[in-house]
């Protein structure tokens, strides 16, 4: 991560120092945007997460890899409030206790998520999908009278271009192919302008070329946003360039640069294979 | 014993009497005349006389009166009407021509009561144990001072322990009013063995004070004995109360379950919002009715087994109707669950009207076979009706059937797979169309079985199904859609709760409270009792 | 051997598959490539009878016996010997893993047992036999879907992006397994794949689709020469 | 450059729809009154009191159907208990109508007859103020609105969905029905309210009053259609539809589904209640059977027949079903259930999206006639039922 | 027109079809019979049958249709009180004429309605008097059991007042209601048993209506509550209802009506025969087992009384017919000659009490010597004094 990037984050952190935080606002005083400590989750006795601890810095782009069933998706479930951990702490910034917030509250606080299985609004057009995701006041009363401003329209168009779905803008999203749905979901995430993006296998089903584009996109987002990307595609992880965390049986097995973890015999044993 | 057989025996008996001359003198003409009097008091006195006399011919006369076969002709003669002709009541000889103007003597409840007592007074001396037992039971509840001359000798002569205990109670009841305190004490103590609320009332009356503060029972010892006995009876009654509430709750639960099990498949497993479910119950019930009719006309001797034959017929008929529904209508609606609501609502209207056209709008009569009529008296006057006992057993049987089918057979697995992912089920080689038809047929057939059971306790009519549809959905949904164990728990829970509340607040309020309970309960368990858990539920 | 002739397919008004003709020979791996939305999945669904084909014919020849499957319902195609691993896994969420696998035996006589091969390839399935399919992780579900298709020992195995979401070591196992299966000479394999390297290393033949048409085809070892990778990234 | 609300309201309906509404309004407010009052009974164009009442009644049903469509068609929440809101609206207004009877009842006192009969000496507390027209209007909105709000608040908060929600709404209406059946509850038991005499002092049976009620029903329907259309085309409507299709996803992008559902639910209930309030003086009776589960199911049936998620479909469905009922019960009293039953079956089988769906299909077919190649056979244009269920019916609604 | 239209307003579908269909049938039969005999004033009667489908607002709508579209001269219809209440305003507004054939709770007198069923004093009160008599078993304790709606509630209110007047105390009266369609009577029957066990002779007065009767009687039979112990007297159970039950366990239970099918007299024999023939001819389901009952007789009587009144008034004009109806007499199948009261629009009716026989018929165990006059406004309800006429 470049120092310049670090500076912007740091300065935004300082900015928030200088004034009183409103309740629910993200506090990045210690540069940490996501803080998981000793998280455990079990299903009928099976420990999907086992004392998992992990911190993500603001602006960081982190890749998470690990065998099938290691608990990657479950971890995202915990962060987004879908699953409540049995034990452990999960904080967004310094102050926001994720284990006590509802999904919309968490989303509102600035965490966005792309699911492993693309989930979009199938009966809405591609355009409407993006419109709904857009960062704005999402309360009932506002939505009754909401109207797209020119600005907002432009933002939707920009995103459409970015995810290459301009031509499909008015089609129902349910008719998109699998890969197109993946893109749309990424687009929705961008519209949300979250501080922290959680991406569960974003390039599954994409061509190699699109995989590269996606990697570029994520790298460009890092800095202003923090990203946590789960993937099994090592060339993609390589292209992301950031730190890599390996999960195994619900806890961290290894952490470091891709090169480092790729040579870790345990990682090769349980994950990469020979 | 069938009435005609009864008649036959009576004729035989009377004939014998006439042919060989009876050991006893025939009842006097005067007594006979009093039997036909206008005034009930006179008649009842005559009945008592005949009963006390106990001659075979008197018994025959009383039986004829009880069967409303004793008639008065226009010219004032008493005759006994039989299936084949008429007999003179006084002589027992056949009369020709048949007296067309003979009017059966009116028997009202009062006369019937007198007849029963008279009959019991005779029967207590019978040789057959069962007859004596029945007579003793009757006497226990109704004996009065007047019968003491019969009761006491009968008690002394009685060899059977059980009957003796009953007779002792009967004697004790009478003795409670005896002039001798010792007898009264003994009686009060003995009556503590009773589990009869009326005995309790009788004992309690001893403890009442009159206007001057005097106890109705002057002897303190008798009062103490009575008090102790009352406590003993009360304890037994309290237990009986609990047991009977539990039984009624269980029974209601089993009926709810039977009504709902078919729906647990068609809706719970297959996802068809089957508004015609109630009508499938109706089909099963009408099938039972038809089988009963066929037995009555073709196999009258086996009428008691008609229900057994009706079980498979109800299953098959309802299954056939169900499969027809599936093939013609529901088949086109998979993946559009809400449309099934509309179409099956339409189907239910059609089925109701069809029943109305075929069988008429009125309810039809489905009788319990004799082995399902009446009940077993358990202690403290609780009668467990046979039909309800059988239905509880039947519910367990059907439940087992459904469970085995769904969980232990490949068919069950296919059905579950098809409803979870129809396209993919086809892609692993399941003939989805056939499975759908079969599964819906089985669900409908199970509903038919439910209908067969319901016909034994409730109405059979065109609109009968409408009364069950709401309850059935409540059971299936409250239990958790697709969860057999949930349906069972829900049915039993609702049954018990309804019955407990009903005893406390009455039927209407109980029903309201149960519904409110359902609303509140679902708040706590938004997916029903046995909610499906797991990560796939939300997606 | 699967023979597809002149297949056409429409969704609403739009022409999705245009005059497709190709073969999938026995004992070989045929890879179908193409960018997102060109119609690969649609083609496979048409082969499975999930969407009715407008025109054209689909023939499956097993043991020198050819069957026309153009109008056959899905289950009949499976009975004829096709195994299918769909895109998006499509496991039965409320059946246990074991039951899911047994569903793969739907066309076999009752009491047929599951081949051990499945568990050798995907040991995790053995560990999770009693868990419900829907509770598995994404990659586990994918493994389950492949295992299910293999259960009955198909004559033609159709795989729609089977490596999606699977960890690298197992992808390698799958690669080996597919090669072994093809090598027995008793199975034809039609593989749709976005993961180019995987496809290239397996393909005996390849087909490249573009907007509903096959624009390039050839032997697997010609993929580099024909510039397939480049064609995919335009 | 925000567009003013009125303009947007106007824009939410296409021009043809405005035209249709205008024609409808003209018929309801001018043609029918004229034909009823001015034309002699012998005239072929005379509209009888019977017809006016019948139409007025169906207009009220149509409002209910539109309200149902708003919550079912657009929010995917199938209520099997909407009858309770309709009936409560009716009862609230019925209380006023009962008070207007004054001393004209059979006991000749100010208390409603059934209270005299129950030996009640004075009005129970919840009847206080019921002689005021305005208070009655307030109750019409407030009571069902409050019930819906409280009920919905708990239910949506607990994330009760699909059939579970449907069933508890059914339990709600059923329980309320039983409650109202009881004489002690204070609403006339099974007999309910009937034998009304006046509204605001005017004779309720006069032709003018009949026409006023009829005109108000038409006005309510028009208003509900416009409002409904605005809602479903607004962002609010889109969020609601998104909740219907993928509620958890909506949560993850930061909306509170509970609030959205609650808003639409309560609105729908209040619209039902208004319809109920207009219904009661027109049909002349309100009793608990309006809350029977079957009645509520029928409301859903109207919507399904007309076409779900179309608004106008509710209106069409309410008219078709109720006119068919009125016609068949007279013409084929013994067999009308067959007709009705087959109508429902036929609609589902052959018109999967209701009558409106058929109409749309017919319209869509015309421009689509010159198909791309002309060789595409019809089958391929059909949605493959096995694969992708038609969007409207995929996941939402009464199924878990 | 050369026909006179006659409305028949009975539910042929829905919950009430079970009872009302037979009334439609008997009305049609009577109309056929009158037509065959030359009609009314030389005009044929033309029945207009509609189905209000057990839906109360629909009753009002259909009534309006009959009166304003079909212009019927008279309507025979309704069973439940609420349906009558629903159509009353319509008949009043359009000045129509309704004949209501079912026993009801009274507390009503409408100019446009003629009540041919029993008022409480023509059914309920004599029945209870009988139960208190020696032959009736000298009951001292009463269970008032009914379906939860106005007719049972009112009847029981009147009965309670009546029982009070006879010195029965409140603790000796148990009042219980069940919802419409209630089908599980286990608890109630257990409660009755308990109540009856207190020592005094107990009787049950049942105003259970419609579909609940079958489960009630089945349970009663199986629970071993015999008529000789605790007799049940019912006001809504007639021959038609007993068709749906196995009557054997019910022998001895009672019903109070103004007519029984089992009544023996030539008029009744002819009436039954006519109906059975008509049923066969018109393809009524189960035509060989059709029965007649009290409301059917009341319908039949009503039609003939109307015919006589029209012929006397020489017009079908409603006001004239109403005037002519008072004092009409008709020899009814019950064996009595019934009179329409001059002032209160109710029939003078005999009261018959019957015990259930094993064949589902009733044997009359008590009857009044002559028809008694109806008291629609029960003297046992406060405030009704001096209201006995229109």
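Residue numbering begins at 1 within each chain, and the chains themselves are lettered A, B, C, D and E in the order written.
Throughout what follows, a contact is a pair of C-beta atoms (placed from the backbone, for glycine too) under 8 Å apart; a residue touches a chain by one contact, two chains touch by 3 or more.
Computed from a predicted structure; not experimentally measured.
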From the C-alpha centres, identify the chain that is farthest from chain A. E
Can you figure out the chain closest to the middle, judged by Cα centres? D
Most distant chain from chain C, judged by the mean position of its C-alpha atoms: E
Approximately how many whole Å separate the CA-defined centres of chain D and chain E? 37
The distance between the C-alpha centres of chain B and chain D, rounded to whole Å, is 45
Distance in whole angstrom between the CA centres of chain C and chain D is 51
Averaged over CA atoms, how far is the centre of chain A from the centre of chain B? Could you give it in whole Å? 66
Out of chain B, which residues touch more than one other chain, so two or more? 352-353, 356-357, 423, 426, 466, 482, 508, 511, 532, 534-535, 538-539
Among the residues of chain D, which are close enough to touch at least two other chains? 178, 181-182, 248, 334, 337, 386-387, 394
Quick check: what residues of chain E touch more than one other chain, meaning two or more? 12-13, 148, 179
Can you list the residues on chain B that touch chain D in the complex? 271, 273, 275, 329, 332-343, 345-350, 352-353, 356-357, 422-423, 426, 466, 470, 473-474, 477-478, 481-482, 508, 511-512, 515-516, 518-519, 522-524, 526-528, 532, 538-539
Chain B partner contacts - residues on chain C that touch it in the complex: 48-50, 73-75, 78-79, 84, 86, 90-95, 99, 102-104, 106-107, 110, 132-135, 148-149, 152
Residue numbers of chain D touching chain B in their complex, please. 78, 151, 154-155, 158-161, 163-164, 167-168, 170-172, 174-175, 178-179, 181-182, 248, 293-294, 297, 300-301, 304-305, 308, 334-335, 337-338, 340-349, 352, 385-387, 389-390, 393-394, 397-400
Of all residues in chain E, which touch chain B in the complex? 12-15, 17-18, 21-22, 134-137, 148, 176-179, 181-184, 186-188, 190-191, 193-194, 197-199, 211, 214-215, 218-219, 221-224, 227-229, 231, 240-241, 243-246, 248-249, 252, 254, 284-286, 355, 357, 360, 363-366
Chain E to chain D touching residues, read off their complex: 12-13, 48-53, 55-58, 60-62, 64-65, 68-69, 80-82, 85-86, 88-90, 93, 107-109, 148-150, 153-154, 179-180, 381-383
